[in-house]
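Just so it is clear, A, B, C, D, E and F label the chains in written order, and each chain counts residues from 1 on its own.
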Amino acid sequence: MAINPLTETWKQNGVVYTGWLSIPCSWSAEVMAHAGFDALVIDMQHGLADRSGMLTMLQAIGAAGKPALVRAAWNEPSVLMQALDAGAYGVICPMISTREDCEAFVAACRYPPRGIRSYGPTRSLVSIGEDYVAQAETCALSFAQIETAAGLANIEAIAAVPGLDGLYVGPWDLSLDLGLREPGNLADPRLITACETILAVARRHQLVAGIYVGSAEDGLRMASWGFQLVNIATDTTLLHRSALSEVRAVKGSKDSSDLLGTGSKGY
Amino acid sequence: MAINPLTETWKQNGVVYTGWLSIPCSWSAEVMAHAGFDALVIDMQHGLADRSGMLTMLQAIGAAGKPALVRAAWNEPSVLMQALDAGAYGVICPMISTREDCEAFVAACRYPPRGIRSYGPTRSLVSIGEDYVAQAETCALSFAQIETAAGLANIEAIAAVPGLDGLYVGPWDLSLDLGLREPGNLADPRLITACETILAVARRHQLVAGIYVGSAEDGLRMASWGFQLVNIATDTTLLHRSALSEVRAVKGSKDSSDLLGTGSKGY
Amino acid sequence: MAINPLTETWKQNGVVYTGWLSIPCSWSAEVMAHAGFDALVIDMQHGLADRSGMLTMLQAIGAAGKPALVRAAWNEPSVLMQALDAGAYGVICPMISTREDCEAFVAACRYPPRGIRSYGPTRSLVSIGEDYVAQAETCALSFAQIETAAGLANIEAIAAVPGLDGLYVGPWDLSLDLGLREPGNLADPRLITACETILAVARRHQLVAGIYVGSAEDGLRMASWGFQLVNIATDTTLLHRSALSEVRAVKGSKDSSDLLGTGSKGY
Amino acid sequence: MAINPLTETWKQNGVVYTGWLSIPCSWSAEVMAHAGFDALVIDMQHGLADRSGMLTMLQAIGAAGKPALVRAAWNEPSVLMQALDAGAYGVICPMISTREDCEAFVAACRYPPRGIRSYGPTRSLVSIGEDYVAQAETCALSFAQIETAAGLANIEAIAAVPGLDGLYVGPWDLSLDLGLREPGNLADPRLITACETILAVARRHQLVAGIYVGSAEDGLRMASWGFQLVNIATDTTLLHRSALSEVRAVKGSKDSSDLLGTGSKGY
Amino acid sequence: MAINPLTETWKQNGVVYTGWLSIPCSWSAEVMAHAGFDALVIDMQHGLADRSGMLTMLQAIGAAGKPALVRAAWNEPSVLMQALDAGAYGVICPMISTREDCEAFVAACRYPPRGIRSYGPTRSLVSIGEDYVAQAETCALSFAQIETAAGLANIEAIAAVPGLDGLYVGPWDLSLDLGLREPGNLADPRLITACETILAVARRHQLVAGIYVGSAEDGLRMASWGFQLVNIATDTTLLHRSALSEVRAVKGSKDSSDLLGTGSKGY
Amino acid sequence: MAINPLTETWKQNGVVYTGWLSIPCSWSAEVMAHAGFDALVIDMQHGLADRSGMLTMLQAIGAAGKPALVRAAWNEPSVLMQALDAGAYGVICPMISTREDCEAFVAACRYPPRGIRSYGPTRSLVSIGEDYVAQAETCALSFAQIETAAGLANIEAIAAVPGLDGLYVGPWDLSLDLGLREPGNLADPRLITACETILAVARRHQLVAGIYVGSAEDGLRMASWGFQLVNIATDTTLLHRSALSEVRAVKGSKDSSDLLGTGSKGY
């Protein structure tokens, strides 16, 4: 029977810790999936995979026995539906700023009469379960990414869209759009306030609250704030940082700089 | 000279029987293209190929001497034009529900002054013919997929869009949106009525009427109803079903279930 | 430090001559990039690469030490941002016909507060420079392709959009939409007039003026007219023409025709 | 702990029924892996996958929870080791005709001191288990394909090679090399005799006896003869035959012939 | 019925002019295949395609209605058989220097009892014809590349190997191994003598004589010498040279040099 | 002019520190190449890339301005030559155990009269330099991997092979073949003795001495012993370890184990 392991965790008040995949490769995805994350997120927006890469990465994550979410490239029906048809247990949609954005997003994730998702769950029927269509509301979750000033201002209207499953904070984009000095600084009072607002609204609407951060330390803090879907690491950054660390241990820091510096945390 | 073999068949009142391709692979496409179908349909919506897969599949189908259509991922100019530039003899556009939908769709398939298709028929000029642009109205057909209650309600307005070449029924989505109990059940009176309506409108507007079904048996019935573009098999389903059949002949049915059951017919 | 070599050339009143890439292959891209063009343009609209091909082509061009632009498939935020995140120094957006088109295009290329580009410059941070985000206005250029009668009519309003970097003429589409007899004929008075208009507007708004032509001869003429970003060759056409030339030298012209004839110049 | 499900089945005197994969695609592999076969065999000899396809197919099979074997392209150390490093539970090596052939084959599959397999089980360590190296004799099985007259003549010497796990009959090649009139005809007395010989030798040396056939019917017969690793279906053939069957049901047999006729059974 | 168009040409004393493919891309292959060459040669040795590229290139050439040969990476049974199984009408094997080399090569191309080719003509059965196996001696040609001093010295023994179909001169490697001053110089008396020897031996043994040159001019000369399989152009070189020519017409020769200079002719 | 940056470093008695690439992806390769390593090694033996992946990885490393070596899959002429033709500055050949092994290896890397490398440096001519062939002895280095007891025993004869450029220690395979208790333990006296022997022989024959280790700490020690080509990190291991570290910081160690434990150092 089709069951969404993420939903099960949340039923028991658990936190789902994720790893973020921007390397377009099924092998690095499988390595990440074996590292102990609760779920993996394939980033189709700023990551470098395309549709065929998404498929093999979903299969590789499946081989490791883990569920995957997909962060969509944009709020477009075709890419949202393709992720769900390919076996993602849910999609995170970037740049949801208005109620209309959110309604369009959620509609693309739901079969009629609740939405406009077209029938054809090619892989999900196989990888998630025979009764996938009957369970699609549980197995095709929708998370609206709140990462603009407008999205924050419209948070109540967005959260009220029937069928939405969660709100997902994108701290870097949100910081940039709020005009904060240091993007993604989780100690910035305005970012903290924004997170509190989003958490409160999520709670009131019984939505899952999620957030992207780039380290275990930040992730634990976010869980303590009440986030239930927390990203704690990104493959490109992990690889870059750990390679840099070995090189610097040999050469000192003169020959290499942290190219992905701020950026690495910043999706 | 650029000639569309499908159009030739219809001129002689023939029926074009197609095979549906959802496996993203040029070899399986070539095998299907050698099985005797009149044309093949590459499904970019619920199938798993992306743009580069579409290219090699079109080439493989060409190697078998057969014409191909593409079912677009969505009603977006870029993907419609890319299919036509890559050598498809026509596109089937999902989810056409209004006159405006259909106008946008047809415009994307037609060069000025009849539409907005951008010039650059990279492969079609080679694979279809040197005079492709002059023959583009014949060699770049547009089929509006009618698969929503709204599409059915607006069928007259949709059919009246100048330049449209055909109406294509998507029985599963249409059933779901009509709220029928068993999706895709061609014996359901409401689905039968819908097909009759669409066939009548197509006839009146001199449009080709097409439909997706998943077996020869259903296909023959659809041809007898008057459909001229009839899908009779889908690669994923053929593979799954025939594999299952061998396994069950060895093991009985206890170890394997028809995962693609209803689904397999349901694009 | 992140520097855009194209901008440097224009500061010194130089002309940037480009090669156009429609073959979806990193090796042919690298060969083109070693031929001495100032920059290469990866064509995601009528070329045959998809997103993963774009990545490896950008890397191959980088290996040759050359900058690349991307001609986007369409005016869609996702594909514009993906090109810029992958290391393109700018994007050429097809079919800009109105001020609104252009505003949407430019917004997708600029970070807040000037636009809506989402943060996550995955490869650009590595390939262009650590300070990419600070330099993004210089390193993520936006060229509006003027190739419709409407675009020509609205040229002043388009050029006035804040943040736009250039106007780029698409002679074939423009000819077709203007109803000219011979598409892309640079001797046609109406096309000449259109080019003069665009050049004048570009000059007045301090925008770079660019144009696609298909030969050195035409390119030199365009530079003499005042265009500063001039395409002079396309990989598919170069390959086709030079192959044809060898074959004809052996066989005469009976066995082969110039399939890409007019088409080859016509993006 | 690393456990080979095939070995477990044989410990309980079970038969392992396999599906053969010649389509180079992770999706068709996953579909086959969900059809209920006990294991899948990726054919790197006459199938069309290359090394990167093998990887994604192994991952897709893993996602379906099934074990995979690889039929190597040839008796070459590099390809044998790569299959085992990528997560295959064993390899079938074609054209083993002499004791020396078999010794080289087995050596390539075994770590020192029993063989020359080079250390670096990249994926197997992840997909099979942390203790893979300690369990490698169980989790990296070696099957010598007996498919030449010489191989049959030298069967005792081949079977006696220490470390070999099984003998695998290739009926088509064996028929051809024996000069039988109808290749792969399991009713041919000389082929029956050959099978009996191989089964007897396998039993005496406590080796698994395997055979490739192309249908459930033949497979059941082979199991009744005593084969424990029995192929019963091949993806290309399943797809071709089932497509052909639908087409013929519509058109009669005039437009299509069974191209893969004899061939389809003949690897 | 399976027919080899090359053989048909030679029956009528025609010359087969080929184009050489080193760009690993199905689109450039299709463009080349439409330029009028009699056949195309996919170079798996110094070209950059791997096995999956070879497949899609063969399909693309098939879509253009042309036959293809494959120049194998090396005299290894697996790669020779894979090319023939994938639909090549013959293979050119590099570096045949001795009778033993040639016997091994020819054996790998022939089914028993004449050779050791393993049964499994996956694509050839579909793309060449149902009766492929019966016609395999005609449809799976073997050309021994003579490109070492040893090969030249042993030319009689090589030519005498039963089942060999042709001798193929590699002028660059042969020049290098003969210690000639300028590799590939067809005016060098020692190279001329070598060609005469090979032509004479080919004639005496009723073998096809082939040669790789890089231009129509050289190709016509080679045909006049008596070669019947003559390469006249290579994709990488065509692209590089023609791109260079446009760039130089704009910039003069200062910014670009003929990187592929001698090399481009030198496979 | 073609110059090998590695050779330049060694002329000045520098140490070349490398990163090892087993993830088959051009993006992860580019990230590694930007981390400050002196060179990168693409592992075609235990890594998961195939030939087309090798090409794009070489291009990506080139885009980062770094040189690359390739560790070949096996001592086979085709794969050695393909790596050198594709732009590798040298190859590391596994499992060199005898003088004959080494002679065959070196011959495959050298043009006549010193070897049998076939002419056709497709990419190297472009990426390394126009005069590549003249500089090929410097730009196509050969490193014999010493990783068997036999290789150690025959070290003098191996080192004496004319044209060889270096000896490269594979500590894990060498440990296993020597029967050491803990593979790859650089504190084991027998492994230390082996390294000392190899270093002494290398010095006497003026060969570069190289070694694979998996950390900066071990790498610095190896450099202090006198190794000049020292691997200090592997992409798969870096990714796995750093991911694991974040997960454990959140969850403790209960949910994840170091799957690549010993293995990760062990190529």
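In this section, a contact is a pair of C-beta atoms (placed from the backbone, for glycine too) under 8 Å apart; a residue touches a chain by one contact, two chains touch by 3 or more.
Bear in mind that the values here come from a model prediction, so they are computed numbers and not experimental data.
> Can you list every chain in contact with both chain E and chain F?
In this structure, the chains that contact chain F and also chain E are C, D.
> Please identify each chain that touches chain C as well as chain F.
Common contact partners of chain C and chain F, which must touch each of the two, are A, E.
> Let me check something: if the centre of a chain is the mean of its CA atoms, which chain is farthest from chain C?
Relative to chain C, the chain whose C-alpha centre sits farthest away is D.
> Tell me, please, which chain's centre (mean of its C-alpha atoms) is farthest from the centre of chain A?
Farthest by centroid: E.
> Roughly how many whole angstrom separate the Cα centroids of chain A and chain D?
Going by mean C-alpha positions, chain A sits 41 Å from chain D.
> Which integer distance in Å separates the CA centroid of chain B from that of chain D?
Distance between chain centres: 38 Å.
> How many Å are there between the centre of chain A and the centre of chain B, using C-alpha atoms for each centre?
So the centroids are 34 Å from each other.
> For chain C, write out the residues touching at least two other chains, lowest number first.
In chain C, residues 24, 27, 31, 34, 48, 50, 52, 55, 76, 123, 126, 236, 259-260 touch at least two other chains, as defined above.
> Pairwise, which chains touch?
According to the stated criterion, the contacting chain pairs are A-B, A-C, A-D, A-F, B-C, B-D, B-E, C-E, C-F, D-E, D-F, E-F.
> How about chain D: which of its residues touch chain E in the complex?
Those in contact with chain E are residues 22, 24, 43, 45-50, 52-53, 73-74, 76, 79, 94-95, 147-148, 170, 172-173, 176-177, 179, 183, 236, 257-261, 263, 266-267.
> Would you pull the chain E residues touching chain C in the complex into a rising list?
Touching chain C: residues 17, 19, 23-25, 27-28, 31-32, 34-37, 48, 215-217, 219-220, 232-233, 235-236, 238-251, 255-256, 259-260 of chain E.
> Any idea which chain E residues touch chain D in the complex?
Interface residues on chain E, with respect to chain D: 50-52, 55, 76-78, 81-82, 85-86, 111-113, 116, 118-123, 125-126, 130, 132-133.
> What part of chain A is in contact with chain D in the complex they form?
Residues in contact with chain D: 26-27, 30-31, 34, 55-56, 59-64, 123, 126-127.
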